[in-house]
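The first chain written gets the first letter, and so on, giving A, B, C and D; residue counts start at 1 in each chain.
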Amino acid sequence: MIVLETNNLTKKFGGLTAVNAVSMTINQGDIVGLIGPNGAGKTTFINAISGLNPPTSGTVTMFGKETSGLTPEKMCRLGLSRTFQIPSPFPKMTAIESVMTATIFGNPPGKITDPVAHSREMLEFVEFPMKETVVAEQLNTVQLKRLDLARALASNPKLLFMDELASGLSEGELKDIMRIIDKISKKGISILMIEHIMQLIMAVCNRLLCIQFGTKIAEGPTQEVANDPKVTKAYLGE
Amino acid sequence: MSKNIVADLTAWVRTAAGLSMTIAVIVAIAATIHTGPYLLVNTIVTGGMLALVATGLTLMLGVLNIPMFAHGEYFMIGSLTAYYIFTPISEFILEHPDSWLVTFGPFIAILGALIGGAIAGAISEKLVFGPLRRRSTDNWVMNSFLLTVGLSVLLVNLHQLIFGADFKGIVGYWQGMPISIAGAYISLDRALAFIISAVIVALFYLFMTYTRTGMAIRAVSQDITGAEIVGIDIEKIVLLTISLACALAAVSGGSLLFMIPSYPSVGLEPLYMAWFVVILSGLGNILGAVVGAFMVALLKVITVEYVGAGWDFVVPSALIMLILIFKPSGIFGSDVRGVLDK
Amino acid sequence: MGTKKILQVVACFMAMLFLAGGVASAADKVLPVGVLGPFTGPSAQTGKEFQASVEMALETINYTVGDYKIEPVWVDSQSDPAKASGAYAEAVEGKGIQAGVLNWHSSVAIAAMDVAAQYKVPHMFGFGASEVVNQKWQADPEKYSYWGGKGWPVPAKLEKNYIVALNKAIEAGTFKPKKKLAAIYGEDTDWGRSAGGSYKTALEASGWEVHSEEYFPATQTDFYPLLSKYKKDGVAVVAGTSTSPAAITSFVKQSQEIGLKSVIVASGLGWIGDWYKMTGPASDYVLDSIPQLTTPEAQQWAKDVKAKYGFNPSPSAGGLSYDGIRMFIKILQRTNELHGTLDKKTIHQTMVEEVNTGKLTYGKKDGAIIMNEYKYTADTMPDMVVAPDAYFFPILQYKKGKGSIIFPDDWKQKDFEQK
Amino acid sequence: MEPTTNDLNMNLFDRVLDRLCLTPIGLAGLILLLILPFIPPFNQEYMLRWLIYCGFVAAMSVGFDLTAGYINIVNFGYMAVAGTGGYTSALLVINAGLSPWIAMLAGGVSSAILGLIIGMISLRLRGIFAACLSWFFGLAVMGLAIKMVWLTRGPLGLRTPRLFETESNFPFYFLIIILVYLTYLVCKWVVRSKMGLAFQAIAQNMEAARTSGIDPVFYRVFNFTMSCAIAGVLGGFYAHFYGILTPDMMHTSKTVEILAVAYIGGRGSLWGGAVVAFPFIFLMEIVRSTLSHLPGLNLVIYALVLILVMIYYPGGFSYFYDTHIRQPKNRALRYFLNGREAKV
């Protein structure tokens, strides 16, 4: 089953084309890695899909329904959730409040009977290392990323975008993250992750999408794309 | 070649800046034909004054990200300084009508206002902005804004406590026949005030563009870490910028003393007008502010001409609100980003 | 540690509160009198003149009437009716004022009238000229009898004289307007609009066409656009008023700068003591209706004020208020004669029985420095009798900083001159 | 968000207190305010007048804080909004013969509409731009009140009938205390509900809030509308208490007064401004009245306090209270300060 499909998705900022006619698909259960050099337009691409920066042209279809140009809050209700490259869940809120926000507003009314319990469950799920009453602005980046992930999962998404979740992690932390990604996937959530750490990508992704200068240069099974000379060239230069 | 220019021109007219400037020019010409050349002369003279007040505000906003609410109070400081310098001079002139002070006395007063404003700005940085910056730059824009609100109330009431609330005005700087331009008269004072403001704004622009210090200020406004890396002393630049901005406000107060006497709350109107200009033209855009100043002046003059006195407050604020709704970053946009905006 | 500090602060605060409450107790034979005026805010200069007048007037009687020591209590209106009524109520309750004098703004008068009536405190000689004050007073003369005679009549009674004077000048041939077109300007306050309204009525009644009626904020100082409009349309008379020194002096000065040839009526220019310092020769030919300090006593008074307070007093805010407070002293003396005690009841009684009926007046023979006679009658209340031999502003024309009376005829010093 | 407790172990008193959003010390403060006018020297009319003004500023600062503290937008035209409510109410009473009580509510409705408009047009703006927009909006409204003389009588002032026939200030005092409390209660209920979470979320991180499913348009506009409605009702109170309305009440400097109290009290607390307003404004009035030969001194102090708070203690009084006073060792005192603590 196709979860998400983009068709010639384009995003322009004034005269600059940040994303140029990218078409791709995500199937049920996929863990797709979105790779490409810095400034390739990866974040812009997922922003365009999730509605933060609506696309200039092209279409987005999620679960067979056209969703291009929908606001992020509508996308959230349809089952799309995401984390941020610079994670900043609500800085003045406590951890549990941050997660509760997504629990309450990201789910249809009445679906979650006990938001506190559900939020706590999410924090446990991402193995949040601190007390739930800690205020977000006191956390370090690694802890924030966990919290952001818990927040993103709290709305019970069917599709999850993760923006550089693993950057800056130590070896041990990387292992934890892999395990958590695995758990998420087992819950039946499809994943699209922007990532630079090849070790992680090779370990968890079943498919890859590589873009450069806003244009798709490769898409396919992980090994295939990783060995694609065009991809190597994009990373290493001419 | 010429086709290219035409194409460029049409593209420019289609931008917000081009569109509003074109409309402004058309309106100005139409109104001038309809009522007479005095309208254009008034617009230019008023615009010159507004430009001077607005550039200081722009500097404060553009470089330091301080939305200055106390800008008018530095205007007040300038006019107060000029008053206290010029009063003895004018008494001296009365007794010695041939003295060189007749011509140069006013310049001394205006220069005094400039220096007074710069000192006041430096003191405010040391006592108010510096401590805030060192403590926290969290939510800087709003916090510094509220700080300047307090500063404004403080300065107004200190003026009243120390100097009293009476109107301290002068007859005029330069005596002499008004100048006639296309049938419209303007006084010598006004003409010279316009020239002074034009010279100061031009000097200021050259300073910002071509001197090392000016470039350092712009560097700081764009990237504080980068500026630090290349060895710019941030504290010094901030101090300089604040004194400069305050000096610009003060010098406008000083050079307008002939028209606006000094009293505690004299700064309110220049403050409103400067804010109109800055919001209209986009935060931190100096050239834009100059153009914006003339647009606001036109708006003001036209409103008085066609709607009536006293409305020159309602109509511009309503129009600028509309601009804010459709073009939140002002019609000229802004190419400088403040350093402390998080 | 932290808690202790807080407790200290709280204790200090409570102590201050009780201290403030304790001020209320008053010693015997002291008569606190509230002086209502704009001591802070945009009209603070007027407040300063009030203060000088009150102090100078009380010094002439050595602050005593009979056995009573008069103690002035400054009630700051801050030019804001809401704040003024609060301050007034506070002066009554907290400082026990038994009577009040003076006031400047009409909007403040309207609010303070109710407070005076509420506490039954007699208040004399408040300015605040506009019709609204009179309408409110006349709606319930019994209740507002505590708001005694005003210090300034409604604009219609005096301001129309400009137009009368100009029409007379046309008759006499000294004024030859190209067309009878007049413009009205004024500060956007109760006073400005009332005065503007009376110019309009008087102009239209005598065959003038009104070009426009424009009211601007009291802080406005750039009049080039407005004046240019008058110049273009060939307005013959520009009549208006402002109590704001900044506005009126700029208006006059700039009218000369742009070369406006119209006759300018700048009612209120002379209310500023130092106006000539600000306008210079631009005030030549301008019409105003400020009484001059003609008598030697008046000039001596002005000199004394200058020596003591360092500013030239204006005949209106300073001179009229000086006369007003001296009239009030006369009322106090009379009350003391009649009743032997001075309190709000007896003072009010004297006011109603003697002053409002015209029995007690104050005039040149008593040492009035501005007007011939301040006299109230049942018909005119709350205004005084307006007539050349009583309360009257002559129309002056300025030249070189000196005003010469051009109206009324029997006071005339010279004829109207056209620019 | 403070979780509402449904702890069955709580006794009835604690439960009622919790529903009323009060702690024992808050209740004590409220009772103190209610008996204050019977204690000398506060029983004098002029002190009551000051206290009523304190109450007005307190209630306004609560309404102001709903926007400033929760969605982080300074409504710099707040007094203009209140003035609109006041004028609407006064005009309805004068021209349509409505009872001042109903007219006050109508004033609230008119201000709510104004708030709706400001909320809608400022949607795309944040921070200083939104503040500027509301500022200019306030200036324009004030300009209209000055120029529309045929309706508002402009600076001549509009005389308004008072709410109570009596000349005493007592009933007004109790009314304003009730209004202060009601304002606080309604705002607190709103921010305790899930709406409070949404407000904070969009203020703190708009993008994360939107991807968490929060519609910022609705919540921002709702917040503005509600805060302005409160201002409108209070403006009606102002109109029918002082008996006179001038456009001056809409002046920016009046908004600054509210803003200063709200920030000195501590933003985002709701109660901070209300608690600080009474002693602070009262003290300023005493300074003004006793040191009347130094005009403007009270405002100098006012400004100095605001500057010092902004530099050295931006959290304001409520932050100070929460960090230094709230958690004493003594259990009884702790109960007094916090009420029965909810177990989450």
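Here is the rule we go by: a contact is a pair of C-beta atoms (placed from the backbone, for glycine too) under 8 Å apart; a residue touches a chain by one contact, two chains touch by 3 or more.
Since the structure is predicted, the reported quantities are computational estimates derived from the model, not experimental observations.
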{"item": "Neighbouring chains common to subunit A and subunit B, by label", "value": "D"}
{"item": "Farthest chain relative to subunit D (centres taken as mean CA coordinates)", "value": "A"}
{"item": "Which of B-C and A-D has more C-beta contact pairs", "value": "B-C"}
{"item": "Euclidean distance of C-alpha centroids - subunit A vs subunit D, Å", "value": "42"}
{"item": "Subunit A-subunit C separation of Cα centroids, rounded to whole Å", "value": "74"}
{"item": "Length of the line joining the C-alpha centres of subunit B and subunit D, rounded to whole Å", "value": "35"}
{"item": "Residue numbers of subunit A (touch at least two other chains)", "value": "none"}
{"item": "For subunit C, residues contacting two or more additional chains", "value": "40, 44, 188, 217"}
{"item": "In subunit D, residues with contacts to at least two other chains", "value": "146-147, 295-296"}
{"item": "All pairs of touching chains, each written as two labels joined by a dash", "value": "A-D, B-C, B-D, C-D"}
{"item": "Residues on subunit D engaged by subunit B in the complex (per definition of touch)", "value": "72, 74, 121, 124-125, 127-129, 131-133, 135-137, 139-140, 143-144, 146-147, 253, 256, 259-260, 263, 294-297, 299-300, 302-304, 306-307, 310-312, 314"}
{"item": "Footprint of subunit D on subunit A - complex, ascending", "value": "50-52, 71-73, 75-77, 81-82, 84, 88-93, 97, 100-102, 104-107, 116, 148, 151-152, 154-155"}
{"item": "Sites on subunit B touched by subunit C in the complex", "value": "35-36, 38-39, 42, 45-46, 160, 164-167, 169-172, 178, 180, 184-187, 190, 259-261, 263, 265-266, 268-269, 300-301, 304-305, 308-310, 312-313"}
{"item": "Interfacial residue positions of subunit D with respect to subunit A in the complex", "value": "1, 3, 194, 197-198, 200-201, 204-205, 207-216, 268, 344"}
{"item": "Residue ranges of subunit D in contact with subunit C within the complex", "value": "40-42, 44-47, 49-50, 53, 146-147, 149, 154-157, 159, 167, 238, 242-244, 246, 248-249, 279, 282-283, 286, 288-290, 292-293, 295-296, 324-325, 328"}
